Amino acid sequence: MQEIRLKTDRRTQLVDITKQVQEALGATNGATAALVYVPHTTAGVTINEDADPALAADIEAAMERIVDDNGGWRHSDADGPNAPSHIRASLMSPQILIPLDGGKLALGTWQGIFFCEFDGPRDRKVYVTPLS
Amino acid sequence: MQEIRLKTDRRTQLVDITKQVQEALGATNGATAALVYVPHTTAGVTINEDADPALAADIEAAMERIVDDNGGWRHSDADGPNAPSHIRASLMSPQILIPLDGGKLALGTWQGIFFCEFDGPRDRKVYVTPLS
Amino acid sequence: MQEIRLKTDRRTQLVDITKQVQEALGATNGATAALVYVPHTTAGVTINEDADPALAADIEAAMERIVDDNGGWRHSDADGPNAPSHIRASLMSPQILIPLDGGKLALGTWQGIFFCEFDGPRDRKVYVTPLS
């Protein structure tokens, strides 16, 4: 299990981590898939097009719209009420499993891997695990 | 593949199954990840904070709000119309894959595994499979 | 890694691919799980009931409702604005991991695997990878 570290800048922010995931995999010795896992409860991971920055902004806006900030939520963390951040994390998923082809991520032509921050800015970690 | 059995009490209900998943794994002999799989079509699984019960209630309320019960849905099971239960299950996901570290679930500090009931009360099963 | 090819007919369309996934697995030689992976950014995969076609139609309608086509989105592909297609793909997930039992998909009684088209009609691919 390898660890990627990143720092987010905004409350809701998609960060392209495709390169870091491929680098963390290193020499995979015949592994057939890579697990990308987020060990946080207000962040997630997804795969989408990484060619147009406007799309990441659209996905950020959509997640804020699908779960309304003013929803009468009850949960508070030590640093304040943040239920929408947790709910958005569960909707997006804390993990993605990607097949490997000769040690390389078998991503589609337009696919990139995005860390999804829903309660930033924060220091974050991502675990990368090759599976056989 | 190990099987966990549980009984839910309410129509929409998150149930913390972290301990049962760790116990079902048993001695994992060098496995690198654990697959938690729900073999039902009106239930799912997620990972989120398990310290504050109010958060589970917020997630339950959010899933009921994102998919409206009065949506003019067409599907009925033998026991009545329950399309929203099926749709919520697909939004949440029937599976989560979690990395293992020395045989233990490599969950983040605040993370717990929750079975997500969307059509309870029912008797339910969860499959736990170690992967190498 | 095996490849399934399919052709979709409508903009938003769930296509049952359970049989094709089982066939693509072939002789799995003791594999313990099957990864179903969609290498596209406007399509995904889910598991749900495959007995009633009305349910697939309900899920299609729900995904179109949760992400509004008229959302003031900014992203355009070469062939026009399609941000909602990308956002629906991320909400649904590009992958599902299913446990195997004696080489067979350990699906629940009512479960089927559905390719989820969100920007059709198109020619599409699905990767199927057995994991040990």
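Letters A, B and C name the chains as they come in the text, with residue numbers starting at 1 for each one.
Here, a contact is a pair of C-beta atoms (placed from the backbone, for glycine too) under 8 Å apart; a residue touches a chain by one contact, two chains touch by 3 or more.
Because the structure is a prediction, the values reported are computed rather than measured.
For chain B versus chain C, which are copies of one sequence, does the interface use mostly the same residue numbers on each side, meaning over half shared, or is it different?
Here the answer is different, because the shared fraction of interface numbers falls below one half.
Can you work out the rotation angle that lays chain A over chain C using Cα coordinates, in steps of 5 degrees?
A turn of 120 degrees brings the C-alpha atoms of chain A onto chain C.
Measuring from the mean C-alpha position of chain B to the mean C-alpha position of chain C, what distance in angstrom results?
The answer is 20 Å.
Listing for chain A: what residues touch at least two other chains?
66, 91, 93, 97, 131-132
What residues of chain C sit close enough to touch chain A in their complex?
1, 35, 37-41, 66-67, 71, 73-76, 83, 86-87, 89-91, 93-95, 97, 125, 127, 129-132
Help me check something: in the complex, which residues belonging to chain A touch chain C?
32-33, 46-49, 52, 54-55, 57-59, 61-62, 65-66, 91-93, 96-99, 101, 106-111, 131-132
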